[in-house]
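To keep things simple, chains are lettered A, B, C and D as they appear, and every chain counts its residues starting from 1.
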């Protein structure tokens, strides 16, 4: 193992990232060091840089990562599903480790709601304390005991795993676990970023007959259409007339009653009021996108009673969703050319990548820390 | 059968009711005439008088009614569950008949969402067309084919059925069908009118360990407490400090996380924002009370995602809920002295009864059309 | 309308069917007369001929039927979903009418379990009483009030509806309502007759990743394979070694644990013991095929506890399943050439058709009563 | 801490237990030593002594245990729910630790089906290897890292926890998680041992209106009745006429249709065939008792299809069920005098206690290892 690894460090909030070099520790028991091949840049990274998340700098960012085993600590003989691990194996891992002991981990079996202390790679692990290399924007990354690490299924490469980033398991959670897509359903997906695209993919694979994407900007809707994701598209970039859009969407549903399932992946509070109106009576509404607190928005609760809506919130993902996401990739890749979503950057171009994400210029920015020429 | 029946007719919106006399028709095939013993006065009747419902005057009001069989048409030999019917039998009946043929009746099996033409006794049946006596505020009432009529269980009298009025089956729908109360749960009920009281009763009978009533005015909370309904009480009559109330309610829940289940029966839009905050992460929220459209209210959708709430709307009730309500009465009456909720009026005092309901002076006003001295 | 219609009548049990001619009644109110285009021959018809069903002869058989409106009675202006009806419209209809008033129809909302009197076309309607033409093996058929009649969706012809016969809605009930197929599941279908083929189709359309058909004889498995139904096939015609088959099936499932979902459509009691062993721990087992009572079979209940199986029985179908079946046909026909399953006979060849079904020589036998040359 | 602890050791299968003395280790990090106050004797202990379980002797038996903290290892500062722990605190703990990393632990979230290596106190921990004191039939017991230890709720003593033994959390799993008891239900419980009694208690607390206990011998049914558990009783000790018993049970259910929910806690394979017949159409059947493999029994699968039964297996319990059991004790003890079930023995009388359990002479035998005079 090389003794040093470069990493992109956020030195302070609202500052550009810096490339620094760190010693690579030998992995302790039940730990591992990995060579990072791809590391995604997520909208959340923009929020972190801006100081909007309750974490501390300096930190190596990067919470969507995939690579190959570089070194295995004592006892680290198998992945989380019991597959034997060797140096060189392609692996992916969940970005968080829940406490495993609080009411939500143990009794409710909802580790997404963990109230204990939760490690999140690329977010709440300081760059100035051991093991330093705790984020994915680095040549090497150090994985601690309890990490949900999965050897990639046969035929799946790191480049297959990265395009959906943390949006993939987030969509698995909401679309496959919180609501129920039935064969033949009409589904509206609000938002056409990575979570929206992933949600639409899982809805289609679950038997949805017609998926209506309500998002934007146009370039994202076109990328989705080129991928075969969605059947009808509405661009909300310019705001438009909400009532007209609701009517137009409902006109595409059986008897004009509204969608069987609406999945919110937009992240804008007002989308929820609009989504409620797009649901048919007795429909289901999955609210995935309201990840950050933007305060209140006017909502008419009469529709919830009158239509007997079932609304389910879905927050991030837990090990079961992450593993199911990895396991679903062979089927996804048969139908969807996910690599077409990627825009690749060397590690040293990290600030450009972040700018492009901030500007919505790319569908999915990824860093390639391990490549020559970085 | 007496040839004439008096009935309280709403001649026009915003006018007082008038006592008129009508010929009592012989019941046609699969129809019946009943002697009304008790007819409830509901908050909805106030809305009707004020012209806020999409119906036409003149109309005989009264959609919560119970009595005895006066005459049976040809083929009307059994109640809806197959029990033989005879003149004099104590019976209750659902106040509406869904179309039975639309998507919601047939495919979704949600007759509450019937999109066909739906008969509603005491609401959308005109007093100036056959059979005229289509509301419960009358000595006799005419029941058409398809009415969900149930012979009262042994030991149950008409006076046992009337205290919860249409609130009883409404609560059965929401509390027993839309959400799931588990043994040991902490449940918040918002609203202490008839629906709130009925919801709290069904929550307790389903194994809730602690029921917190958030309602008012004080006289209603005291009536509930005297009945053994609820374990903790919060009076919201003066508005109070919403944040303080939310904190105080959460302090009564395990680990201060919030209630396992919140049931909204308040009918005020802002109650929904408050109820969302009272739910614990992974909790359930049943929105029963937003029966009429009062427009939007500020709601923070971040909590829905962050807490992974399950919100279920519940609208009125269907035959299954009505029948289950009647069947549950023997068990309810073992534990709760429902008759203590009643304030009784002769039919001729209908306008006073309506005034008392409007003013919130009584828990449950009922007319006794069939009693001497009316 | 022609004054006469030929029909195939079962005059007595164990006797061949006879072609008789009947007067065609004018349709009464809320009734209709239809020109039969296709009428399926089902395994149940063999049981009826052999006297194994609790019904009476003489009877016009045929409970899987599709055709065109010949005459509409007063009030018969729309189909069950509100679509306007005219003479000449292509229509299909459910073969039974539940009572609509018993506990199972009203409270449980499980009309398949109706305990009232239930009309079944082609089975319990006598050929020697009005309206006589109550089975589908006839040029014309008389549909009574309450029949669940559906106008075919645009682009769907009677010939599209008939190949799955009553197996189609039976599979909808079991596969889409009683169990839950999740995206990526491995599903075993036991039985490769029409119900098995239909179950496999709905499993695939619901996102199953691998469908294993365990049935026979070889000709049926080949027909399924040619249609694109199923991914792996096991022929049980010669009995074979049950333990070996269980092992071979489990070897095709992830980690060899067994199938996520097993759907029994075989009708042989011993299939249930085998299916229980093919399920993985925490798997689901849908028992659709045990339609008739063949007595007990040795089953090891330890597996139910040890694996925490979820077993769901599914009996026939109700209006919601029938309607959903018709609505699903456009999607089915995109992917599956159902017509390839058909073997067609003129009405006069009814006894040959029945022989071919009895011998398992054909996948789906259908009579064409309305065609020239019959 | 005393340097030595006596313990009851099974030296070899089919041999009597011997009282031996062991050194008490100092607790390592995240470990604890407890003073045992009560240790239950379970039917499974009889199976272990007889050599019917896949484990090795010598072993300290005892998998139902409750006591007080004697010493806490480094880091062992809080119980599993975050309550601070001190020497002297009354605590209870789950008898097994699942691997936490297999498909069933991580993806399915069904740790009862753990396929990894699972520690079970009092069963698979050898008495001749560190820490030796790994069973509850001992003065002191050593708890390893990962043990689900719960500080008892205020007002709950070790003597309150022990009467239901491992039957309590087993019933929580089946009755509260696998099936759904609805308010007003008629419930049949098959078996009147500890699991049957616990299942009946949870059914009553969940709102069941009538609980029918089908078990024996008479002394156990009387003990249940004295406790207020169940409303009707059938003694099956002499076998009796199965058909008559089924009819008699159904006669106690609404319309004679059968029970809404049947819960099997009998452990005899033939009970499952009988329980299936006692269910009403669309009823639920929870199979908890088929814990060990006694081979096949004749079952009629037609009833599963015909009645559309929902059958759910339930195997042991997981942390969530154990914790919920402890949390439910305050409510249970309000209504049920569980201590009346106990027969107490000193540790030295362990072989007599085991004999009494084998003979069915007692409802619940418990050892008191820590008491003077042992």
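In this section, a contact is a pair of C-beta atoms (placed from the backbone, for glycine too) under 8 Å apart; a residue touches a chain by one contact, two chains touch by 3 or more.
Here the structure is a predicted model, which means the values were calculated and not measured.
Between the contact lists of chain A and chain B, the overlap consists of C, D. Looking at C-D and A-C, the interface holding more C-beta pairs in contact is that of C-D. Centre-to-centre spacing of chain B and chain C amounts to 42 Å, using the average Cα coordinate of each chain.
Separating the centre of chain A from that of chain C, both taken as means of CA atoms, is a distance of 43 Å. Within chain D, the positions touching two or more other chains are listed as 103, 108, 324.
Residues 80-82, 100-103, 106-109, 116, 148, 319-320, 323-324 of chain A are the ones touching chain D in the complex.
For chain B in complex with chain A, the touching residues are 103-104, 108, 110, 112-113, 115, 178, 255, 257, 269, 272-273, 281-282, 287-315. The touching residues of chain B, counted against chain D in their complex, run 176, 180, 182-184, 202, 205-207, 209, 324, 327-328, 331.
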